[in-house]
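Residue numbering begins at 1 within each chain, and the chains themselves are lettered A, B, C, D, E, F, G and H in the order written.
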């Protein structure tokens, strides 16, 4: 397990992270929203009560990496977390497909450069960094939006390897489910999953930080 | 793992099970409420997608075992589940302590006899039965209400052993947390916990049915 | 133009037809909902005011062809329309993909047989009948749900040809849009389109009944 | 068809244009309100998907031409549209008839001068301009308010001819309906019509810009 | 003054009479609605406090004379009033103009025959009867709906003279106002006036029953 | 009749005047509230339509004369009315009886001095001034609060006579009713009457300004 | 102290007793409303915790003694209380003064006879009975409604003496306050007092049953 | 009785004092909330009407002594009360137990020092000061949170003795109840009691100020 006693973890991202969190900074049983951040909190606290971990959520619905940059000082640097988790990019891609005529778009070059800049600014002060890819809940890798999302995910992978971050490939984490379900089972818009889909994200995150699921299972 | 493909699991109990479930029978992403039943569903579906399991929730807030008996035919027998989980008894005890003058109480003898009668009526038709004890989120075993709850929990243990049920000692599952937290961290009324407390229940349940947490963890 | 003065047209279907119509029978400026039926009404009335046409909407959200059968006597036969339009089948297919474990499904054989039975019962009393296919707003014809929907659409075509109905291939009507937009532009769940998508349906319907768009355009 | 690929069209006016649009600038499927602007958008997008047109709505309920002048810089000039459509004057006339004692009125001279001034300021930067007359849904041309409205409409016609604008005589567009309906069929206050009345406006507008209704009608 | 001590007056009609009255029978300061019936009550009670009069309102919005017939036994005969006032007919005419395609209409013959039948059934038991004409707040007597309303008003006059009723020509009562105002000053739909319009009705009614306005005016 | 064509009348006072008026200045059919000001408006407009009078209401619930002084510039002087009506003093007295311990009270000396000062400041610019006494709907003149209210009413009488104002003795206007009713018939708190009580105020006001009730009564 | 361990007390009456109680029978911390019954409950329970008393409230707003008779079997006899408290009569008197024209009134003879009949039916089964007079919060005993209320109170006194009831003269209990306050301090309608007024009732009741206020006061 | 005519008493504290009071300063029948302050007010006013006492409530939910310090000038010193009552400390302790990881806590040293500083600043200007201890509604004195609360209560006792304050040991006042009830009877979270619990606080406070409960009890 990579986390240590009293570590404080900050999560930033879009609506998948937000999920109705409290403002200005979501924390505690009623402040983390109802998505993967809240699930991770319940699992960490119930199975590692002695670690006395704090989780904080500053995800904002609809955000792109450009929005994160705007609020990076206040919502990340000023909070001085021990660990930081970033999952961003879904809206950067989605807006190109559902509002193609919108005035400005976050294309790949800006996306990767901004993500790298943000990571670079905070990495030295962190005990640990987790980068989670954006995803699209579509099984067909040739679907135009899925294909674009995968390309953005590769950018996350590059930044993660450059900055010694734990890398979570969320798109890959969902793949096993598509052998058994059509994606509508989890989501109608292919972006916002139900609690099962969030649990896929939670498990992928916890596996990445070395969570020992069976540490206090009675044998 | 004790569950098999296409099994249907029914959960019955009080507000801990209910948690805002849909009526008449809660099922699916939005119908199971927001407590341990929903957590169990998300964990089962995300980690065992191939099992195609169905979960159904018929918990009712405020119920005692006497209330379960009243609706047993309609809410349990008629639904013909493969597996049944029962967690009842908190209100049977609580009413003796917060409404001691109420017209009638469910004392121990009636509690155990009724539970046994209900279990006997359904056990032959089940693939599996899980009996979860009632609990009181109080660390002091000599607290009058905690002590009474433990006695009711022992009744559950007896019935479980007589009817070949998986037994989940929920009071014991919470115990490790009290080494690190005062109970107010999870709950103010010592009955209704936050998501962390529900995850303690979920883990105790899943461990009982042989859930393999690490089956698809990337090594 | 196939419609005649004082004709009364009845529309039945699912949420695409319903769109918030009034009950028990939606009619008039505020009773037809806000979907293609209301658009057709506005276009017919503004361009053919002398025809004095009445439109009635009995679409119900979530309906399958099995639901139509249940209410056919009351909602179709008893209303004795001059013209009838049926668009059904989306939910018959969707439930197989988003709730694959649901207790019962409307598979192809039942779908086509029921549609044929309903059409047969009403056709002799109608001046005209319009059958509109179900659709799925997905450009990839090999997507599993799209492919299934196309098969259901072929069943509609067969019934239409047997019963002298005007046939509207809604899936084909949407196709030209996909050359220019990803489907998210019109819809996030690939079923419920915005007003533009409804106008595609309206135009396909009106073209089928011989609507002359330019009859009173000032040259 | 006078519109070209990627053109952006701005609509300004009173409640007939507003119809519940989004603020500060209404745009897209859910932002244009539910009146003629939204209908025009659905028709343009469904029949000319390749043009990739953008429509924006800055109509404000209750506005007179004097109100337009107040917000002209922010709501028109700053938005730099390719095409502009103006329909104003109903409230300028109505206030003289329903609040004759109000402190100030927009009489004809001010109306025409202001409209001319606004048009002059923006015309050089436009690809195209559409001026739509105000109207009153009263068949009797000698009704005092109808007669006044017609005089204001003539002012619009003068300004249109001076500034090379497409001119839409909305009062004339409604006339054919009065052969078949009393105006109460469309409206109780003779100002705000139902969707059919808005479709009359939409058709008049689209005919003016050379919309080809039958371009993709299957023969 | 024609009213006597302790007389009970019943008012029946459509929305003009109803005006939000209480159910089943509106009476007293908060039960008579906010229209002419309430105004009449305030004037009678403040200027003739010694008469101890009771007023009851059974007007129903949207009613035609056909609707009155349906509820005549319960809402008029059973209440055994001393005086009865009837104002009906606006909806009988309006429906012919705003919903010309509706399934059935109350044409003149049915209107007059029904009104006569209702009056005949109750007249012998009344101390006094007041018949008020329907009206349309349109100054032009050749407007189609106004002209029809005047014809219905003449039917009321005939019935009044046959059954010794006080006759109130409401259309005539409004006429003096049109010399000074366009009708929009009082009403936008030409049916539902503001408090000033209701006061015109109140004064016409009170003049008919011999109300002495100046009886206790300090000289 | 003392009012002339196009006169503008301003009413200021407490909750009796306010009655839910619009802000910042109540005017017109929906802006004058539902009390005596609205009744006066309806009576003036229906019986003297040719005068084209405007009425404005700036009554504020709970106000004392001290509150009027605070807003006199903005709510009276700046509005430059032709006629002004003041009815104030009920709260000045009431607070001494229902909140005797409140920090400050408006005793008689301050009341009369303030009223005189306000009247003096505005009188020169008015065509006419109406001063209405405060009242208490209690028949017993020896009731302590009634007796105090009468003393305040005498102060109004003095100021009226000094400044050539029309004087309306509202307490006297109510007196005839108490021969027939206990005050609870009109009001439970002896301050806020129902519409009948407001009509008593309206009649007293209209009589004072020379309103001719029967000018257009058909003989 | 006249009450004994485990006694159950029932209170019946009008709005003074009701005060928002729960239905069908108000009981416990949140079920007794917010009036004197709830105050009595808090005082009894905090000062005599060992008595384990139950209080039940079946007061209904607006009730007269005639209404009590209608529900006496269900709301009193069937509940089999140990003690019963009745406070009724305010509405019996009030309706004669605020709705003098209402169809029927409960005059003194009916009031006293009905109260006697009800008391007679229940007295044999009671450990104790408390009869509280109606009251009117008016200091002047010659006020017509106050005078009538006092006469009704004398009827209560007669019935109490006949049936060995504890008699509570509530009107007398309020009298000392009027030496210091005008009644508006406690109430604006002279019927519904604030919490201070209810405490006057509570104290009068508790004194009647022998409540020892200082039994556990620390000296 | 220690209070004198016209004394003004100020209460400050946390949610137990607040109980929904009005802002900025709660006073009077509807402004003091629904807790012990309101009960004390009703008892003082009903039994000592001649004292003409004023009570003011500035309790704020969630406050610690650190919060009191922040608003001491505005909410205490500026109000210049005759008597001041302080009950604070519950949240100071509770936060250590339910949010142990919160950024800052009010430990004992700060608590006592701050309380002493606040008391010192105001004592010279007061006629009387009442210090009430914090409490925890738990019968077991060895419960960790109860034990801590008792330690904070001792700090209050020290400050009270240093500054000549009346000392109210609220924890001791509740003790007699636990011989008869489990604490759940009064409260589920062991902090917020029902009206009975508030009455325990009220009685303890009133006994401390020399309230004579039986002064006007009829013997």
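As a convention for this text, a residue touches a chain if its C-beta (ideal position, glycine included) is under 8 Å from a C-beta of that chain, and two chains touch if they have at least 3 such contacts.
By chain, UniProt protein names: A, B, C, D, E, F, G, H = SGNH/GDSL hydrolase family protein.
All values reported here derive from a predicted model rather than from experimental measurement.
Looking at chain F and chain H, the chains in contact with each of them are G.
The fewest steps needed to get from chain B to chain E, moving only between touching chains, is 2.
Same interface as G-H, judged by over half of the contact pairs sharing residue numbers, among the pairs F-H, D-F or E-F: E-F. Averaged C-alpha coordinates put the centre of chain C at 64 Å from the centre of chain F.
With centres defined as mean CA coordinates, chain F is found 69 Å away from chain B. Computed from the mean C-alpha positions, the centre of chain D lies at a distance of 41 Å from the centre of chain E.
Under the contact definition stated at the top, the residues of chain B that touch 2 or more other chains are 52, 99-100, 181. Chain pairs that touch one another are A-B, A-C, A-D, A-H, B-C, B-G, B-H, C-D, C-E, D-E, D-F, E-F, E-G, F-G, F-H, G-H.
Taken together, the chain D residues at the contact with chain A in this complex read 6, 28, 52, 54. Partner chain H is touched in their complex by these residues of chain F: 99-101. Contacts from chain G toward chain H in the complex involve residues 29-30, 34, 38-39, 41-43, 45-47, 49-50, 52, 176-177, 179-181, 186, 194-200, 203, 207, 213-214, 216-218. Those residues of chain B whose C-beta lies close enough to touch chain H in the complex are 94, 97-100, 140, 142-145, 181-182, 184-185, 188-191.
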